[in-house]
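Shared between the two complexes below is chain A, which has chain B as its partner in the first and chain C in the second.
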Partner chain A sequence: MGLITMLSIRNLLRQKKRNILLGIGIAFGMMILVIANSFSHGMVDVLINDVVSHAFGHLVVNGKPANSYYSTIRDKERIMKIIHESIPKEEIVTIEESLGMFGRAIGNGEADNVVVVGVKPETDNDQADFFEEFFTLVEGDFSNYFSKEIEYPVIISEEKAKSLKVKINDTIRVRLPMITGQMQAVKLTVIAIANANNSFMNIILFMEADRVKKLLGYKPWESADLQITLKDPKKTAKKYAEILHSKLNPEVISISGQVAEEPAFLLAFQNNSAAKNVLKKNLKLTQGDLEKGLAKKGVMVSNILAQKLGLQPGSKFIYQYETKFRGLREEKLTVDAIYQSHSALGQNVVLVNEEVIHENLNRYLPKTLDSTLVASSNSLHSILATEWKLLERSDNVDALKKKYKTEKKRKSKQNNFDLITMYEGASQILQMEYVLNMITGIAVLVLFFIILVGVINTLRMTIKERTREIGTVRAIGMQKKDVRNMFIIETLILTALSCIAGVVLGMGVIKGLSLIEFNTTNFLSVILKNKHLYFKPSIMILSSYFLFIMMLTGIITYFPARKAAKLTAVEALRHYE
Partner chain B sequence: MNVIEITGVKKNYPLGTTTVHALRGVDLQVAKGSFLSIIGPSGSGKTTLLNIIGCIDSPSAGSAKIQGHEITALNDRQITDLRLHKIGFIFQTFNLIPVLNVRENVEFPLLLMRKYSKKEIDTRVEKLIKGVGLSEYIAHKPAELSGGQRQRVAIARALVTNPDIVLADEPTANLDSETSEAILQLMRDLNETEKTTFIFSTHDPEVLKYAKNIVKIKDGLIVGQE
Partner chain C sequence: MKPKQKLVFGLILLLLCLPQIVFAAPNVNFLLEKIDEVTNLRTDGTAKVEVTQQKAGEGVKLYKAIYYSRDRDDSFLIVFTAPEVEKGNGYLKQGDNFWMYRRNTRTFQHINRDESIGGTDSKGEDFESKKMTELYKPALDQNGQEKLKETVLGKIPVYQFEVAAKTEDVSYPKRVYWIRRDNYLPLKVQSYSLSGTLMQTSYLLKYTKIQGKYLATKRIYIDEFEKGNKTIVEIKNISIKKIKDYVFTKAYLEHLSK
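On to the complex of A and B.
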């Protein structure tokens, strides 16, 4: 150990009472900081990993049919493939369908609003853990959740059971809108009364996911919103959102099929004037009405195909194509115009306005979209309609709302696809993180103030008391910088030890507080994890606070220490208290 | 050969609105190996002269050469270095570092020099502590020592760097007569054996009998030399 450090330590031990008091102040501040930071970090963890991930997902793929309130992804398999291509397997915790519908429930003479949500464990083996993680059973039996003998078994919260005046095995009538927009009334059987561990879930009636899916009218290959729970959402949500968004790019509508056994392509052009103007330049009308052919319900056929099949304007014909899940699809069309073209459109092509095909395309899903006829390098590729419209990414909830408002005005049967991160979907919940960070920030400021006042005051007294000593060591031959460093090291050691003591104390308090069980179902339970306060100390943040405090101490000590070091030996030796 | 050459040194202190003329033109040469006593009444300028010789104060006017170095031409770092290597101090109030024990107080200047090995330091420190008769108190803190013992520690500390000059400002003022005599005898013995130049201030006539040379100072002027 160097001479200066040794002197600093000895001097520190010399004024025990004063230094202990200052040390307690710093340690107390650090303790508050550790608790506040760990609580804030833990709460954010609960919000993001429990509340947000269960209620919204960290990433949500939303596929919305035109003019529909409910999300429907028509080809779940394809979107799942895109998700897996975009996000590494190890970064994904779960991908779940967001199966939930608001409805009006009638119990025993009482009515209330409810949300019916479909959930299921990942595997059959997870059942016990699954129920234990989410619920505290009050009455009933969770095993009936999967019972085949009960048509629609549900778990209901104690609070909801009370408001609907229902008990175990009672039925609840619920009117729910299906994805088709039709309303349907169903009878749900209460198999368990259980409180969800997070109070925001208490409005929900939980039902097995496949049953809810069927109830709401989803086909087996369809899906509701896909909620992706990520392993490290704060770090990766935005990054994977960008990647996934780029891969959700739709293909152009180019369906290979046949008309009366003659192989052909059905191409859909965009229903806008720019696309129509391009077509006017590229197509030469041979028969019929070009304006009609370009209109919203317009169907045009190339003259080559028309000649082969003997089609004329007004002729009805059937375009057949293989679908992914429903076998052969027959599209009944009527010719509005016959054209000649030297481009790819001049081959066996049926050219339709996108609005003719969107609805059935979404419902029947062609087996493949074959863009070989008009490749992406072809200038006509840009006028072809796409299978869905991929909405631009929005940065925040306001941008998201604005985007949806604009989309609502769009009069098209084309589906929308959107990718939402928790930062837009659950921004209000995430705002709590800012509030918590602010609280921690205030704790940091208080601590800094304690350090600032305490250190400066203590140092002033110390320097005053030791002025003659400064004179002695300067006279003997200690350089100015060594005198200055002696005081700085002394304060830094005190601060470091106090901070460490504060961290240890803080950890102790955290441990103690974590043991307290809160049996509450009010809003506060949102911040609880398994009925306990949840603390998650961030070593990185605490280390940075520690370094910052040390730096601050160094800076605030530097000036009085330098002033002390600047005293000449004779001035210092003449000093009498 | 002179280790100290003071020529026309004046020292003025501002005191409120007036100026105190502590030294008013002092000329002094001190040869190597001297055992010189500066005597004079309180306020005569003894301490100021010692401070200038010890390079812990600078003259307002005149020239002060210590071992040939003109101190007014040196910066703070150089002067500090000069004090560490060439000058030892013995203070009237001992000025030991209270948090260090006897050994640590004595070795303190050597550690500041940062050029000796631990073994060299230990050898020198133990020899000096033995020389001043404090071997059995080597681990004691200053607060556990008597006045005389503390001053012995101060003497050992002043001599540990093997300085050319040792300055002692009224070294016996806070000691009883028996201890004073022992301390002065010790200084005198070291002067004889180590050939170290000792300059000490006093206004105690009893102390003078140990001095080889005497400089009398009054009102900031040297009024006599013997």
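On to the complex of A and C.
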């Protein structure tokens, strides 16, 4: 250790009372900083990883018929494939179906509102961890969650069990709407009373996902919203949303099927005036009424196909096509108009308004859509309807609301697909992070200011007291820079030791606060983890605060120390108070 | 076979078949068509509607509204006049468009037909005129026979039959009807969930005859799932005068709500 450093330490010990008081001030400031920072990080962690990821997902693929509450992705396998093509496997933590429905539950003489939610571990091996991660068991046995003997086993929170007056093995009757809008009523058996790690989930009745899916009326190949939990959502959610969005582009409706054993293609045109005007210009009618053919229920047939099948306007016929999941589908159609076969559309063609086909197309998905039938370079390609409407990405929650308002006005049976990141879907929750960071930032600034004032004040007093001493050491040969460094090192050692003490103290307080149990159910309970405050100290940020304080101290000490060092020996020795 | 023997054989055959010819109960599709026929009132109509909603533990709430309907284009307009909290709020349906109007904010909002009307248990779709034959088909027993029988409700001779939903677009996939044998008017309807749980029983207590068709003017809906909940709907001051086009507009709804 150098002589200057030793002198600095000795000087520190000479003014014990003053330095201890300043040290306590800095340590206290640092302690507050550690607590505030860890609390804000803990809260954000709970919000993003517990609330947002479970309730909203970091990235959500939403598919639903226009004007419907209930989300239904008709071909889960296809969308999952697109997701895996868009996001690297290592970036995905989980992909879960958002299976949940509000309902009315009746327990032992008491009724209450509930949400029935379907959850299951990714693999069978994850079962033990899954329950431990999510719940704190109060009573019962989690192993019955997957029991085949019980029709609908359910995990209920302590709070909900109390409100419904139910115990283990009791039955809860629940009424809830299915995705079709039909009413469903079932008896659920309480297999465990357990509190979820976040008390905002206390309203939820947890049930195995496949059972909930069946209860809500989903077919095995269908899916609710797909919630993707990402490894680093803050960095990647928006990026992968853009990639996924570009790959979710729908295909044109061009179904290969047959009419009375005659191969025929079914094409659908868009139900808007622009598309209809293009058709009016391009199609030559041979029989029937074009206006009727272009109407919402309009069906037109090419003259070649009409001739082969002997179809006339008003003729009823059945269009058959192979579906992906439900065998052969028969569409009963009535001819409104017959047009002269157009080279851009092909010869054996049934051309319908998209509204004729959308509803059934969603339920009876064709095995394949023959995209080669009408090439994208084709003049009429732009007027053909697509299998779904991919909604534009929204930048923020306001844009998302505006988009949905517009969509609500659209009267179509066409499915919508949308991609929502947590920044739009759970923006209000994420705003809490912003507020917390603001509060922490302000606290940091105030603390830095206090430290600054304390250090400057102490240093000025020290320099004043030791002016004659500076004269002595300068007279016996100490260089200017050594005098300056001695003061700087003295202050830096004091600051460093105080900061370390502050961190240790802060960690102790965090430990103590984490032990307090909060039995609250109000909105603030969402920031609790297992009924306790959750702190997550960030070593990176605390280190940066430490370095910043040291740097700040160094800078503010430098100038008075330099001033003191510049004194000549004679000047300094002449100083008298 | 001698002519006499032929006659006797013929008579026996006739006697055997007679009960089936004379006393044969109509099939369920026929009854559904009859219900549509006797209740399908296709006209303009204005009425005052009172909905008394009783919920277990919440007491009784009385909702009053003025209701305009035009079956020609499936339009209707509802304006609440009571309770105070709902007064001035309204709903307008024109074809596929369905709006909710809030008096406080003076705003119209597009809503879905399956959303609740003014906090009651009614939905927009309940006010749409739909044919029974389009929504339901006969339910069959294990032997493939229609679930239909003749019985009495109180002292009134009725047909009791079960129907199953044809489409997924109905709230209850299974229903049991009790309809009068003399004029085919439904008197009681039980609605079941997909799992077969009885969810609701409705009684159609009073009918009014308008232009040869019947309109149920007093109905009671009993919530069988949550016991103690009950809704009574009464339709009063019915007028079938032609309603002017401006009635089914946003401007008129806004004007009425003042």
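To be clear about the criterion, the second predicted complex is superposed on the first by the 415 of 577 C-alpha atoms of A that agree within 3 Å, B and C clash if a C-alpha of one lies under 4 Å from a C-alpha of the other, contacts with A are read in each partner's own complex, and residues count from 1 in each chain.
One rule holds in what follows: a residue touches a chain if its C-beta (ideal position, glycine included) is under 8 Å from a C-beta of that chain, and two chains touch if they have at least 3 such contacts.
Just so it is clear, the model here is predicted, and its values are computed rather than measured.
When both complexes are overlaid on chain A, the residue A:251 reaches neither chain B nor chain C. Of the two partner chains, chain B is the only one that A:475 touches; chain C does not reach it.
In the superposed model, A:170 lies in contact with neither chain B nor chain C. Touch criterion met: A:106 reaches chain C, while chain B stays clear of it. Shared-chain residue A:569: touches chain B; no touch with chain C.
Contact with chain B, but none with chain C, is seen for A:7 once the two complexes are overlaid on the shared chain. Of the two partner chains placed by the overlay, neither chain B nor chain C lies in contact with A:158. Comparing the two interfaces of chain A, the one with chain B and the one with chain C have no residue in common. Of all residues in chain A, only 3, 7, 10-11, 13-14, 468-469, 471-480, 482, 568-570, 573 touch chain B in the complex they form.
Chain contact summary for the complex, chain A toward chain C: residues 67-69, 104, 106, 111, 173, 175, 178, 180-186, 217, 405, 408-409, 411. Across the complex, chain A is touched by residues 51, 54, 56-57, 76-77, 80-81, 83-85, 89, 91, 95, 97-100, 108-109, 111-113, 157 of chain B. Chain contact summary for the complex, chain C toward chain A: residues 56, 96-97, 110-112, 114, 165, 168-173, 191, 193-195, 197, 199, 225-226.
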